[in-house]
Structure formats: structure tokens, C-alpha cells
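Below you'll find a set of structures to go through.
The following pair of complexes shares a single chain, chain A, combined with chain B in the former and chain C in the latter.
After this line comes the complex of A and B, so read on.
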């Protein structure tokens, strides 16, 4: 099954989803297409006209361009997703990297899509890491 | 993702006994048609999708819970990202943080393999209207 991960470029989530035999939907794969087909230097910071139009499908014109640029990539991934895993309180998710408006929009889109979603905490210690692994395994096994 | 080209970042958990050099030498001895670049955290591997995935499965046998991987969008040695060409590394702060925490995931995987269960997650209760009113009220 196709599993959307949030943060969409997380190494931990990508690896654990793939270990369970599912396909993680990550930003990297989407960006790879943009580098090769559209030849953008630095997506998603460089966007094409199509990206702007795609972003408008998920967020209004009054929404900051950064949010729309991100949603131009993540929106189609959410549409393709059959399940999702969200990791909360990631220590690196602050400032423009963590763009909270996009996070809220992503959660809204996932809720609207009505697919199974698992919320996990970023592992700050060994026990939390064990909880993360066990919860993800149970959730992903249940999807089969 | 293209089946023609897949680039992977392979990271070794800080708690693993495997070294990046060992990882790269193992890949070289497989004699497959791929590009490998040794890095501080492990290596970058590039080649056809089926070959790359086969190599990853073999590498995992070295240390099943200590080797992690994710897809990389840019080619191995892409001048836009490669440090040798002064390429920028947006997202490296995240990768560095997650790499530093991989030992926790490694221990988590080992404990999950031993049959340990997840502890109950504390769910933060919603703030009641009465409590919210008390917070808002100005003390005189």
C-alpha cells in the first residue's frame, strides 16, 4: 500500500515503512522527477507554472506562496495515499523548515480523505523509539 | 520514481559496528553495475532500481537493525549538491538529527523483535471551558 509520511522526507519513517513491505510516498521521489523532467535546480524552492496551478487546487490564492509551493508537491502525494503516518514534535521542524501552516493543511487534507492515519511522537529516548517501532509495525501489518 | 535510476542514501546507525568503508567494500565485491560514494554517514548508491534494491537487501544482512536507507532525489555527485563542487545542502540539518537518533531506532527495533509492546500514549485532554475562563479572568 502507498503510505504518506509526514515529515515527507523523514529518513526514520521512510525506512520503517519500507521495511514493512509498503511503499512510502516521499518528497524525494517527487523532486527527482522535477530535477530530471523539468530540470529545476532547487525544487520545491524553484517552481514551474504548473506547480503554482497545482498548489491552487489545495490552498487559496491568499495563502502564502511557500505553502502553495509545498502543497503542489505534497497534495498529489496525499491524493495517491492509502494510509498515512504523522510524526509529531520533530526537533528540526521549526521556522520555515517546519512551516506550520502547511502541516495544518496537510492534516486537514488527510482528515478529508478519510484514510487510516497513525500519529506517533518523535523518539526522544529509547522507550519512545520502541513505542514508535511497535506502533508502526502494528499499524502497517493491519493495512495488509 | 524512475525504474531506470534510483539513488539511495545508506546510513549506518551510530551504535552499529559497521563502518562506511566496510559498506562500500562490500558493495564493490558484489561486482554490480552501480555507482558508490563513501560518505561520513555511510554511502550514496546509484544504479538501476532492481539492482539497487537487491544490494540493499544484501547489505541489511550485515546488520539488520543498524543499516537504514532512503531515496535521494539528486544524482550521486550532482554538482548542485556535491560538497566537492560547493553545492548547497538544504535538509542536511534534518538528516544529521535523524542520523544521530538512529541508535534509538536500532534499540527500538531490537526490543520490538524481542516482543515488547508499546506503552500507552498519553493523550492531552482538551481544555475545559471553566478552566479556560479562569485563565482568561483578570485577577483583581
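After this line comes the complex of A and C, so read on.
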């Protein structure tokens, strides 16, 4: 199944989803696509003006370009998603989209899609981390 | 009294609440605010799924949920947030979708600044009230008897005489004095139709000069252009049944209207940035020393990618044009770029505020500019329908709707 992860650039969430036999939908894959296939060379994110315009599908012209540019990447991923895992209150090092408005909109679009979503809190110690892995594994197994 | 439910954030602190109420009053409506208990707010926000930080946006969501659940009775909905508030813009658009998915109430959305005046809202409020109060009239699919429609627009004045569901006479002229321009086109349209003014059984006026003309001609129908244009467009395009989006890029403002069985159910009307208007194309034509009627054919031969223009402001847009010409770009490429720029901005600023339904019927004077129609088609992914006499939509709509009064509607 295609599983959207939030934060969408979290390597740990990506790895956990992939190990369980599902396809993680992540920023990394999307950006890699742009670099390899479209050959866009515009670091760091390779978002073009055309992408920002595509974001209009999800948010109006009045919404800042940064939000629209982000939604241009994550919007289609959410449309393709069949399930999602969302981590709340995670530190910067875990993964981040850097924009609260976008986060609100991502959560909203996921809710509207009405797909299975697992909400988890960032673990503060080893026991919580183990519990988290178990919880995620159960969720991902349940999707099969 | 028609009740328009206001879902908004910031109006009280922007000095515009009075203006909103004034606009509603002037069209015989009253603004109401759905009752919400404090305990309902968190539940409503949870259900809606978008959790804004601003408490007033949360209240706005809770009010929308009351309407969706039929716990509060209203006839139409006005959704407004401050211009440039990202969170507000996100909530405004999603709430619009939410209430349209959950109610059959007509909705209008607006982003305001502190300079917003009642007059800017008048057409929108009037259209809301018309959709509520004149459903039977709007459902009319045929014109009957001998009627006339006059559209007093910001750039041109148009008149149409209709006899038994056919256009018998028509004329247009650049707008000057409201009455004199209307008299001129009426006289020519009457001559073409072979009838006298005294033979006309009903007149419908629309456009910016509609009130003056309504009085002057003792019109049976004085109607804002969102309603008349949509009726005229579906009649001219023979799309009275099913869904469609009507796009009218006007001289002063642009209208995008979605219709179901010929009755509008959502619309946006923009006019803040002249770079996205028909007026800009007139300015471009002037600079290229051609008539605006020649611009479309010129644009058809060019490639907009060779001469990028994308300014929101017509002054800066002309500056782009001058620079581009200075760089040696061809008139054809510049004409195509100007058309593309207008189409792109209409898409960016307006079409994302409604859920575009196909087919797209492009109307108004600018629909005769083939390069602009091609640009709209390229951006939207399907070529718009441009019906014959597309510049006469308002006048045709006025003639059709006013004939309803002959049957006592």
C-alpha cells in the first residue's frame, strides 16, 4: 500500500514503512524524481515556478508561495496515499516541513481523504521508542 | 427578509462590518451570525479537520457546521477573511467547499481590506439574493414575446432585441454617457429587428449603468450581471441543462460562475489587479498600434514562451511589454504573451476559488480575442466554448429574464 508519512522527509518513518513491505510516499522520492527525470537543478528543493502554480489546486493565490510550493509536492502524494502515519511533536532532526500552515493543510487533506491514519507521539525514551515501533508495525501489518 | 449567514474572521476589527451589513440591506437582505456554544467549537473544528490557530477562524468553522447540520436557518452564505492572511485564505476556501458539499445554499467568498466599501459587495450580494428569491425566473430556458436587454458595461454598451426566442436585432458601442450610449445601441438594434420601442413588452437592464437605465426605460428587470450573464451564456451556448463554468474576462472585472441547469450556484468576481483584465489587452493593443479586435489573430501566430509577461499590475505589465519589444521580440510573440499573462492570472486569482466544471463557456467582449481563448484553453486543459454573439450575453440574459415578467413570474 502507498503510505504517506508526516513529516514527509523523515528517514526513520520512511525506513519503517518500507521494511514492512509498503511503499512510503516521501519528499525524498519526489525530489529525487525531479532531479533524475526532469533534470531540474535548483537546490535545495528543486521546486519550480510551475510547481508553485500547481499548488493552486490546494490553496489560493493569497496563500504564501511557500505553502503552495510545499502543497504542490505533498498534495499529489496525499491524493495517491492509501494510508498515513503522522508523528506529532517531533524534533527538527527527525524531519520537518518548516511551515505550520502547510502542516495544518496536510492534516486536513488527510482527514478529508478518509484513509487509515496512525497518529503517534515522538518517543522520549527507549521504552516509548520500542512501543512506537510495535504500534507502527501492527498498523502497517493491518493494512495488508 | 433573506438571511445571509456571515462566516468571517476580522471584519469587526477592519472597519468593514458596517459595509457588509449596508450592502446586504441595500438588496433586501439581512446579515445573520449562526449561534454557536463555546462547547461546540472544539467538536466542530475536530470534525472539520483543519485546526487553525486563530480562535475566530475556529468560530467560523463552528458556524459553518451549524449550517451544515441544519441547526441554524439561513438562505445564503457570505464567507470573508482578511486579505493576505494565509490561514484565513485556507479556511475560507475549504469552508466554502464544506458548505457546498453539505448544503444547497448559494455561497460567495471574499477577502477584504480595510478599504472595502459596500458598493464592492453590492453585485455579489444582489446575485446571492436573486439566486434565493428568483429561482423560478432563473430556471427559464426560453424567451417569449418581444423583449430587449441592455448591458451597460464598463467598456462597451450592448443592446439586444429578442422575438420569440430568437435574436432579432443587436448593436454595441464603446461606453460613454450611460443613457446616450444605451439610446444609440437600442435604436440600431430596434431598426435591425424592424420594431419600435413602443412594441417592446419588457426590458431588462444589467451592468454598471443598470439602475439609471432601468429608470430611464422603466425596465421590468434591473439585474446584476452575474445572473444575466450566466443565463445569456447557457442560452447562447445551448447548455441549459447540466453543469458548466462561465468565464467572462471583462474590461473592469472578471467573473467566473458555475451553473447547474442554467442557475448559478457559485461565483467569483475579481477586479483588484488590472493586469488580469480586458483593459490590459486594450492597453497592449494601443502600444502595438493595432485595434484590440486584431490582437487575437496576432497572438495566434506568436509563442508566449518567447516573451514572458506576468505582471499583476497593468502599468508594470506595459513596462514588461516595452522592455520585451526593446529586446527585439516580435509583435506576434508579445501579443501571445499578453493573452497568456491575462489567462494565467485569471486562473491564479479566480478559477481556483471555484471548482471548475466542464464545459467552460467563455463569453464577453474578450472572448472574441482568439489568442486569449487559446491561452485559457491551454491553461485549463480543454478549449472553452465560445458561442456566437458571446459579447452580448448580458443583454441576451436581460431579454430572456425580463420576458419572464410577461408571464407573471
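What we mean here is this: the second predicted complex is superposed on the first by the 131 of 144 C-alpha atoms of A that agree within 3 Å, B and C clash if a C-alpha of one lies under 4 Å from a C-alpha of the other, contacts with A are read in each partner's own complex, and residues count from 1 in each chain.
Please note the rule applied: a contact is a pair of C-beta atoms (placed from the backbone, for glycine too) under 8 Å apart; a residue touches a chain by one contact, two chains touch by 3 or more.
Here the structure is a predicted model, which is why all the values come from computation and not from measurement.
On the superposed chain A, the positions of chain B and chain C stay apart, so the two partners fit side by side.
Our angle of interest has its tip at the CA centre of chain A and reaches the CA centres of chain B and chain C; in the overlay it is 160°, to the nearest 10.
Using the contact criterion defined above for the overlaid structures, shared-chain residue A:107 touches chain C, although it does not reach chain B. With both structures placed on the common chain, the touch criterion links A:143 to neither chain B nor chain C. Of the two partner chains placed by superposition, only chain B is touched by A:126; chain C is not. Set against each other, chain B and chain C differ in how many residues of chain A they touch, and the higher count belongs to B.
Once the two complexes are overlaid on the shared chain, A:67 sits against chain C while remaining clear of chain B. When both complexes are overlaid on chain A, the residue A:53 reaches chain C alone and has no touch with chain B. By the touch criterion stated above, A:29 is placed in contact with chain B alone, chain C being left untouched.
Of the two partner chains, chain B is the only one that A:91 touches; chain C does not reach it.
Our summary of the superposed model lists a minimum C-alpha distance of 6 Å between chain B and chain C.
Shared interface residues of chain A (contacting chain B in one complex, chain C in the other): none. Against chain A, the residues of chain C that register as touching in their complex are 48-53, 83-87, 89-90, 92-94, 111, 344, 347-349, 352-353.
Interface of chain A with chain B (complex): residues 7, 9-12, 14-16, 18, 26-29, 31-33, 35-36, 41-42, 45, 90-92, 97, 121, 123, 125-135, 137-138. On chain A, the positions that touch chain C within their shared complex are 53, 56-57, 59-64, 67, 100-101, 104-105, 107-108, 111-112. If you check the complex, the residues on chain B that touch chain A are 1-2, 5, 7, 9, 11, 68-74, 80, 88, 90-91, 93-95, 97-99, 101-102, 104-105, 107-109, 111-112, 116-119, 121.
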